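This is the structure, below, for whatever I ask next.
Per-chain residue numbering starts at 1, and chain names A, B, C and D are given in the order in which the chains are listed.
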Amino acid sequence: MRFDTSPAPHVIAGYTVPRVMFQVLLALAPAGIAHVALFGPGLLLQLSVACVTALLAEAAALRWRGRDAAPALRDGSVLVTAFLLAFSIPPLLPWWLGALGTALAVLLGKHVFGGLGQNPFNPAMVGYAILLVAFPAEMTRWPVPMDVDGTRTWSELARMSFAGFCGADLAARWDGYTGATALDSIRNGLGLRYTLPELLARGDIAGTFGARGFAWINLAALAGGLYLVSRRIVRWHIPVAVLGGLLVPSFIAHGLDPGIALGPTLQAFSGATMLTAFFIATDPVSAATSDRGRLWYGAGIGLIAWIIRTWGGYPDGCAFAVLLMNLAVPFIDRYTVPRIYGRQP
Amino acid sequence: MSTDAVVMAVLVAAALAVTLGVALGWAASRIEPDADSLVERIDALLPQTQCGQCRYPGCRPYAAAIAAGAAEIDRCPPGGAATVRALAALLDRPPRPLDPAFGGPKPARVAWIDEERCIGCARCLPACPVDAIVGAPRQMHTVIAAQCTGCELCLPPCPVDCIELRPVPAVSLRYRQPRAA
Amino acid sequence: MAARSRFPAGLALDTHKQQACGTPIVELALPAQVVLALDQGTGYGAEPVVAVGAAVAMGTLVARTDHPFASALHAPLAGTVVAIETRAAAVAGGRSVCIVIAGDGSDRVDDGVTPVPDADALSPDELAQRLRAAGIAGLGGAGFPTATKLASARDRRAQTLLLNGAECEPWICCDDALMRSAADDVVLGALILRRAAGAVRCVIAIEDDKPAAIAAVTGAIGRRRDDALTLEVIPAVYPQGAERQLVTTVTGVEVPSGGLPADAGVICQNVATAAAVARWATSGEPLLSRVVTVTGSGVERPCNVRAPIGTPLAALIAASGGYRGTPLRLIAGGSMTGRALPSDEVGLTKAMNCVFVATRDDIGARLGAVELPCIRCGDCASVCPAGLLPQQLHRAALADAHDALRDLGVRDCIDCGLCDYVCPSQIPLADRFRDAKRRLDEAAATAQKAADARQRHELHMRRLQEAATAEHRAFEDVRRRVRQPGDDPTDGAD
Amino acid sequence: MTELLLLALGASLVNNFVLSNFLGLCPFIGVSRRFEAAAGMALATLFVLTIASGLSFSLWQWVLVPLGLEYLRTLVFILLIAGIVQFTEIMVRATSPLLHQLLGIFLPLITTNCAVLGVALLNVDRQHGLLESLVFGAGAGAGFGLALLLFTTLRERLDTADVPQAFRGVPVALVTAGLMALAFMGFAGLGAR
């Protein structure tokens, strides 16, 4: 009898890239529900545009390279990029900006470098940063969340989201329904020499434990993130380091000057903190690769985000922090090779 | 602009130039360049066939020529693309294909003496750059295959053309698979 | 109290051991023919000392060797040598010269096989010599001659003999079965080996998922009353049985990169090797047979079989009730590191501890695997028992970057296959690394050859130079002598 | 002290000469294929920038201004920088011939690295003192070196990536540099408040 002589090992665990990616999408669901409940259905509109654009861009890039697009479309990685971008942009963004950002993310952030596994930068953050730099006004206009003012109904929010999605002039009809995010308001307020307690006392910025609206999204993202950690799809190093890098300095600064510096709770539950810590920074392709390297990488993201939030020109520095640490990844990898068994340290 | 100002400007510029010139000249005379270490590192990447196909008399002279910038890195057919790649990496130059003017890559071969036809003239002995031919005048000669680099330098001196190049006998490299029992 | 696993990582795998382990060891009837490969799995072969047509008895020496990595072969049955030819074999490269012996059905024993009168009276050196002559080699999977290992342990003054009963690889359970049925043999062999290695203590290490074997060995040790002979129960984590990892688990010391366990003061031997030593000490029988697990969904009745070395695998499978279903791969060893064999006509080797007949049920996930690009998830690094970064090694291997491969420690890879097993992109990492190691070996050989050539070239040039100088000097001498009379016309006396 | 620290941080990160001001792109693209070469270039540039800042300031303050020769500054600075670069080249060739080979033409070209002249001129324009000039020069040099080393390690990683044929080599390097500049925009406005 003849047999096939493939090399060892002859078994594999069978936990594949598509399954990892779809677990990540699943873990985003709680944050998505919170997002829709607080900011209206804009997220769903952005998601649909982002997903369609991402799949088309991925297919086009692979067709152009003469490769089979089917396995790449099935592996789900491009959908993760689309989801992360859709979660990061304001739900009121005109659809063509969402589409532009997604196309840039997939083409410039990923396929220029060779596609899955090759990109040094997080594609979603590339798309987001380009949009933020090029369209600062559109990118900082958010709906006023549901938990700020009880007189607004969700259906009004829905109609406004749709109008914004279609590119209508929101200022004409929906003024008062849109505004800056909490971090942006705090930043502007501090710029006008208000103190932090004064700003927080206004009530439209922060609730009991974090920023209005964003606190719940962050909480939901934390829950989804903990699910990923418990399933060992995401290992704990990066989230812990990101949160440590952000919260430790904010704790110290808040203790030194509570009049200006944001406290750790507010930092943790505002902006894109949890989304960054558990979903964006943990993209393995653009993250450092050893456990020790991942601690450095995550701490760097947290610290840079804190620096930008505290002194920088942008209210939420998470995207830039991720990109800045992305470009340091090969450098980190070079100096954080773990000790090999049997070798001297 | 007054003449004084022009004179002053010229003087200042000239003074600066002279000062720098003297300082640099002094530095250049005091600090000796060390070229050998680079030649060593280049030589270590060459295949040491000593075949002279690069038109230098051996590998080290070619390495010296590369280090001095007198020769390109594409002149070594026995090393083939791998050697060009290694040299390009060492010197951070773009890799380039072998220059066909210096011969093309050939399969690894070693010299073999047809002992029936060898007349024992011993002319091939000094020609071999690595002393891989054993023999004495009026004795039959033999090539030590393991030491032959396939440089072909023994072919021209042979008066009866009894040397030919044959494929390298397959050397099996034993790689033992470690086991987790 | 189980010791904590102290090597970098590892993973608890599905062991699939119960299939074969339920029944006692089957004694195989003598096969009609045996195929003895001269290379028994180490890559080095012995030399035949019999000719075709020679009559042999059980235990007759048929191939001898002086090579430290090859082991002597003895006829496992009485009969006639019918062929000495290259055949398919369970060795690297897939082929080896084999001695084929047809049995005559008798149980004639060679006159040389006599009981060892008193193994305790022999010096360690003599013991090692006798073990080498008896062809005893590592039965754990490597097939490395025991005497060679003993010699290196004595050279390095290793103090501890570590008897490996971990048997961490899935599907294999021959050592478990042997320890349960012949624990006294294992302990006797351990004591002989301890003396032969010059070690002062002996530790038998067994994974905690083999309670019956642990009980049997505990009993056997109790009967010996030897303080320097202990049992260590270790966690069942793959690759616990890999030599380096086992040394670290039991002693807490790491084997230096590129070194031997003896450099950490330990010599490892398999429990089955110890049992074979005991068999030799009591009956004088050289290594003629071994216990092998025949298992997998592709055989009717998985079991452990004691079979003569050289038994064609087809005969082993027949003894296990024959094939079942559609066997796809015939694997010598377990599912993680076993070598897939092309045919069931190859003979059992000393190194072969398992015959794993795999169907789609066993290896289906591997068969359907589609390789995707590496996403640097690092799962491989988190299981690597050598503390390597397989994801970085993979990039270096694809780029054929030799310096990076060396720096990242591809040579420290023990080929356990775990990175491959967990990879979500289903990249055949283990095979890539095997290939990279082979290319590094080739490059090193080429570099060595170039360095030799360079040295000889320098000598050659110096000699040419000296010859030229000598010739010049001789020429000058002659010229001076020719000129001298003219230079001094008064000098005509001589 | 805080002022000086902020000056150094500003010159190295916020207004990074390569990634924010796009000065010195020639060695940034040219000497970023290999880490050893990039490290050598980073050190050489740091050295030249610091020394040139100090010397050019001294010449300006104590020679050109007293003599009323301010209009000669470009000429004098370039001459000075060329001299320092030549000195650096002699040093490099003596200490590491391999590094000299690796840097090749880019070593003398530090002379034309506009970052060096830029720093010298900015020192004069911003009326920095001697210490400030040195710190500004060193900060700019450190920022250049940091950007160069990060870029080099990124490019080394891209060497083994499956980059589309059309983007291999310099194109993908330029895209990467662009994305690095995008990331550095995150520092924009830092300290403005």
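Basically, a residue touches a chain if its C-beta (ideal position, glycine included) is under 8 Å from a C-beta of that chain, and two chains touch if they have at least 3 such contacts.
This is a predicted model, so every value here is computed, not measured.
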What chains, if any, are shared contacts of chain B and chain D? C
Comparing centres built from CA atoms, which chain ends up most distant from chain C? D
Higher number of C-beta pairs in contact (A-C or A-D) found for A-C
Mean-CA-position distance for chain C and chain A (Å): 51
Would you kindly tell me how far, in whole Å, the mean C-alpha position of chain D lies from that of chain A? 34
Starting from the mean Cα coordinates of chain A and chain B, work out the distance between those two points in Å. 55
Which residues belonging to chain A are in contact with no fewer than two other chains? 115, 118, 333
Chain D residues touching 2+ other chains are 162
Going by the touch rule stated at the top, which chains touch which? A-C, A-D, B-C, B-D, C-D
Provide the residue numbers of chain B that touch chain C in the complex, in ascending order. 43, 46-50, 58-60, 126, 128-132, 147, 149, 171-181
Which bits of chain D are touching chain B when the two form their complex? 31, 33-34, 37, 59, 63-64, 67-69, 72, 75-76, 79-80, 82-83, 86-87, 90-91, 93-95, 97-98, 101-102, 104
Which chain B residues qualify as touching chain D in the complex? 5, 8-9, 12-13, 16-17, 20, 23-24, 27-28, 31-35, 37-38, 41, 67, 89-92
Can you tell me which positions in chain D touch chain C when the two form their complex? 159-160, 162
Contact set on chain A toward chain D in their complex: 64-65, 108-109, 111-115, 118, 120-121, 126, 129-130, 133, 190-191, 304, 307-308, 311-314, 317, 319-321, 323-324, 326-328, 330-331, 333-334
